[in-house]
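We call the chains A, B, C and D, going by the order they appear; numbering starts again at 1 in every chain.
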């Protein structure tokens, strides 16, 4: 059964690649790529679900391929299966959506062959990353995934900014790969085959310094893919540039594989570590969450905004995982399980609502041809379904119950609160600070999504394009609808899913029973030792009941139900135009003032006065820009330094043959002297 | 002749060879360079004969004759014709002036002595004393290549380096195997011919054979 | 079964009391300012009037504008079902803990702010923007402040906090509690739109927050929103009263206890109403951009409260 | 006999080019076909080497082919065959005069001959002669069309390489000297196996000095920094086909010579002397190449710097013991396939855009889609991305570094590789995208000329997933050579 799923998945993705290459453009090509991707995604989903449900790993090895280091070895255990399910869940709606969404690119002159083939390969490599069972297989699939997604990002390669975004992306991802290579090779020690089983055995024999070095390399390497601060710089560049169904997959699924890798290393290969590992993850998670949302607030490019929210949510996931790892190092397995399961569940939830939001943003982009929120507005009337779905996504990401964002954030909160049980006060004090940052983050996220939804979909259209927006195709709506449904389902039914996550975790050393017993199947989510419990399902039912009852009761009491359409009341203004509306920038202005210390916006005011008198102003111009500190303090100096070195090195090649010969002579004499007294 | 004369004679020969190398540092006229090389090669072939005689290796006579033909007659002739055709006379402004050049030349020979010490000590040959001089000559040839601007001077510098190596080979090993020696000559011949072609081309395209003008390709 | 009925009764009583609470503060304020003022039951008249009027909706607004008042009201009702009023622990207590409560309130704010943006007026946008700014800092403060209690009481479920505190009163007496109380009180003022953060009795001032946002609502929609905001006031007062001073809350379902607990609860609410009324007469409204500073301060206080709970345990 | 079959075709081809005047396309074609014979012979030799046989042939054991030689023979003859099929003068293009074509075909075949000779002779003195000859012959091809730049490049090339190679001869003489000093004169002393067997008795202090000269000498030819300076000039000004040969295999041949000597010197010294030197120079090379790439402004020079980078990598690999040598040899093969293809493609690009400036090439994907895709694939291969072979060999190389206990050096190496990666991809993207100037015609011509490139890509792809058993045993054979 499992191997049937596996082969269907692999062959479907393979066939998708070939189909795209052969058919090229046209509806047939798009639909066949999409349906094969759906088939493959479904098979992946089936495979993952089967492994999770039966608890038996699926493995398959091709020793002839990659003979350099152990062959192409694949093994899907619970952890990998969870992420494979994630891939399936992301792939199906995205592919469905993409079937018609990509039609527009055909006219744009982008290579449909490339796009279809890379899309299929992207899914395939992601799926195989979760299955990789030795170092080389992992690295190959990992880099394959990066490369294919890079090509998807640069689909609209005729645009200058797309190319530059692609450059950032591939550079960051390559740096990540280098770090991972280091981590893996350190872990391999003298072993050359690098099977994960051997690495597990090897890990215990390493010194704690080496283990920590491996952890740091892996954390930074996977973190660059996941988008932790300050390695996230590629996200707000690449996500907007990519076609939206790809952004959905990248943000919803691909960056999660960074989380997968981190867990694979820390939980599985290294088998846990000192408390500061978890602490570091927690700290970086908290910073990513808060700064992610803060920068998102200041964006008025819809997709960039969503990209920054991915940084935020990765931060939240890492808060859970970090806390879990800290508990693990103190042997508090129930709390550890809670934290990690919370992180995993948020991973799943983020995959649904962020994919949904990106697909929604894509629909808006499709309809208005702009990503600038300042040119949108009023779309709720033009595209009601998209608006509804986007609203559900916005509420879910703002952790509003009974949607899924709430359920997982609740678990993360609960695990952080459990921190007071840590015996060392110096360590446990980290937790409440993290709680505070997480609380602030979710408050700000809500503000941000009021802005995102309100400015985009509500009020009057702010531009001609927005006025002419149109409903998107049925396949796009279906894709979004499926994800919206998932947001609701995962929000109401965490108690069905969380025990499965516990099962996954139970496979790792130390968790065992703790993970199982903490989350038995019931209607309420209960944190360990009943520190807190909620039942999103009942609250959801309750809300529906109340919402139904209120009008009913009002009817009973014979309330006036007449309704009249009138002009907007505006203090006696004559007419209402779009220019009077609040803009995205003005919406965020109060928060920008509050957090001015962090944003440090540049201000530039130019006043042109009339020639006759300086009291008469001809024109005023105000520019204010927020350059994130990490770009100013980290990346710009780094790039400047590299450029400086490059300029110095360039001077070596000055053009004079005499100089060149002098190099030869000098090096020769130097080495001769060294050799003479070696 | 007496075997005991072998060592002093070879040292004398090597010194003379080196001396003609030093002439390159001292003179400015291209003609003088070519002449110095010519006479250096004469002495060098003498050293070959000497080693052939004392080392009882008749092969070396043959090599000596070939060397005479190639380096004393053919190449100087070629270079002389080249010099006339391109109309270059003097090395006007070397990168390092004459006095400093001589000083550096001396230091290079000293350096060669320092570096060759382990080599000299392991050898039992009577000729071993002159080995550092040969390496010194290689260094001096390299120095000429680095500091002199005319293409022809550079060729001469290269040839002097070659002579240094030949000297090293004959003194250190009583001559490398004949087949290799012949191959080296063949390479040298072809190399010089190719260099000659290029010098004409430099003259044609740059209207000068000052190599310091060849700095368009950089970075 | 009784417990569920009691739960329902609590909610209904809250709904009934909420307008009175608003009216009482208004009346007391007027008195303190030397005016006669409207009677405390004035809000009931207002609600009846609004319910009988027709609704006028802007032609630019969408379905969301009409849907939002119900969500706001519904979330308020849902919260009253989850928090301890005068009897603990009731069955719904296990359905939602303090996070659920905080985020349910966020649900109302979320929709209210969206409805503010919907008609496209500058006022609505302004109000929504400010409301969300306040909420973004206030909501986490609520969570943190109650966390500090939860940690000492050993549960995040509010009813359980009350039960545990009653069982072991020593946990309620420490510095962290005071910090948390101050923080939650400031947030109460902010969330319910009271001076010095907002002025509930004014319209069309450039510094207003809540009132600007609901400017477009009318008729039954406005009635629901007004009722919900009264309910919110009641919720916050109940939280302040029952979490920090849990004495008087019935812990068994016997009618005697309940009959004692109900007046005590209403008395506590009244006391807080007096405090708020006094404050509103004594303080001037803050400049709008000073508001976040106040909120940040309360956030920091709440954070300190949590930290001290962590360390002093 | 195989040796004759290997070496004679190129000599014959040169002869053909010499005697047939004026030049006729038939000459080019027959030369190309002849090169296939050499390739076949190389494969035959490799077959013997895989079977564990060491072929020795000729008077005084003049020729000898172990796995190392066989690998290089296959690389050289394969790239040579591709080069000859893509050489100018096979079609009816009027870009070159008959004289130029005749000269080209004469010298490029001699060049190929001398490279093949270098890797097939037993005597490392003759190997030196052959490598010296490569300089002379290839220098004659560089200024195919006379221009200031090409003359300048060829002068620098011949000058610097001649000097370098002369220094290598000093090293060779010193090695021979030490042999002679210990055991008297012997005609076959420079035969590699003889020297290797005798190496443990040689004097360490002499061999150290000798190795420095050899390192500088062959390093100059291989493009090790800071002796690499001739390389960007020569590669950017040569005809694309010559650049392909020089970059793809000539550098490897020089590394081959260095490796031969390294084995001898290691047998004498036994310690990490050569490894330390190679690591240091390798990293220096990598550093200079990576940062030179950042500001490169000319795509052929860019490719040349990339060759320098890969030379550095190979050099580092050689210093990392048997598994490092394994990786380095694997890398040589991959690099030969990728880099030769890139230079061929650069020739096509130059032909269309009439400029080697990076700034002049825009919108390559629109102008020449097939070329652009192949160029992109080659570049991705060169920067070490999967699914191409260089990913595997670089992985093997870094793994060797970790296994032999150099994690810090490998960290530095990875950083430098990342710099090179970013630089190359930025340049690649600037070439592929953007809007070409209006006068540039679009569409591909000489489509058949892309066939060899497709074959290169296929080789790279196969090597990216799969290591054929025969190839692996060849590499293992080489690794066994360096294991004492």
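To be clear about the criterion, a residue touches a chain if its C-beta (ideal position, glycine included) is under 8 Å from a C-beta of that chain, and two chains touch if they have at least 3 such contacts.
Since this is a predicted model, take the numbers as computed values, not measurements.
Chemist: Which chain pair shows the largest tally of C-beta contacts?
Modeler: A-C
Chemist: So how far apart, in whole Å, are subunit A and subunit D when each is placed at the average of its C-alpha atoms?
Modeler: It comes to 44 Å between the two C-alpha centres.
Chemist: Rounded to the nearest whole Å, what is the centre-to-centre distance of subunit A and subunit B, using the mean of the C-alpha atoms as each centre?
Modeler: 69
Chemist: So what's the Cα centroid distance for subunit C and subunit D, whole Å?
Modeler: Comparing mean C-alpha positions, subunit D is 78 Å from subunit C.
Chemist: Using mean CA coordinates as chain centres, what's the gap between subunit B and subunit C in Å?
Modeler: Computed value for the inter-centroid distance: 100 Å.
Chemist: Going by the contact rule already set, what residues in subunit B reach two or more other chains?
Modeler: 115, 118, 142, 145, 211, 214-217, 219
Chemist: Pull out every residue in subunit A that's touching 2 or more other chains.
Modeler: If we look for residues of subunit A contacting two or more partner chains, we find 650, 653, 657, 661, 664, 672, 676.
Chemist: Where in subunit D do residues touch two or more other chains at once?
Modeler: Where subunit D meets two or more other chains at a single residue, that happens at 155-156, 159, 163, 167, 205, 209, 232, 292, 295.
Chemist: Going by the touch rule stated at the top, which chains touch which?
Modeler: Every pair of chains in contact is listed here: A-B, A-C, A-D, B-D.
Chemist: Once bound in the complex, which stretches of subunit D touch subunit A?
Modeler: Residues 155-156, 159-160, 163-164, 167, 205, 208-209, 211-213, 215-216, 220, 226-227, 229-230, 232, 273, 277, 287-288, 291-292, 294-295, 323, 365, 380, 385-387, 391-392, 395-396, 398-399, 401-403, 407, 410-411, 414-415, 417-419, 421-422, 425-426, 429-430, 432-435, 465-467, 472.
Chemist: Within the complex, which stretch of subunit B touches subunit A?
Modeler: Counting only subunit B, the residues touching subunit A are 95, 111, 114-115, 117-118, 142-143, 145-147, 149, 211-212, 214-219.
Chemist: Would you tell me which residues of subunit B are touching subunit D in their complex?
Modeler: So the residues of subunit B in touch with subunit D come to 115-116, 118-119, 122-125, 135, 138, 142, 145, 151, 154, 158, 161-162, 165, 168-169, 172-174, 176-177, 179-180, 183-184, 186-187, 190-191, 194-195, 197-198, 201-202, 204-206, 211, 214-217, 219.
Chemist: Please name which positions on subunit A make contact with subunit B in the complex.
Modeler: It is residues 650, 653-658, 661-662, 664-665, 669, 672-673, 676 of subunit A that touch subunit B.
Chemist: What part of subunit A is in contact with subunit C in the complex they form?
Modeler: Result: residues 377-378, 380-381, 387, 391, 395, 398-401, 406, 409-410, 413-414, 417, 419-420, 425, 428-429, 431-433, 435-436, 439-440, 442-444, 446-447, 449-451, 453-455, 457-460, 524, 527, 530-536, 538-539, 542-543, 546-547, 550-551, 554, 557, 559-571, 576, 578, 580-582, 586-591, 593-594 of subunit A touch subunit C.
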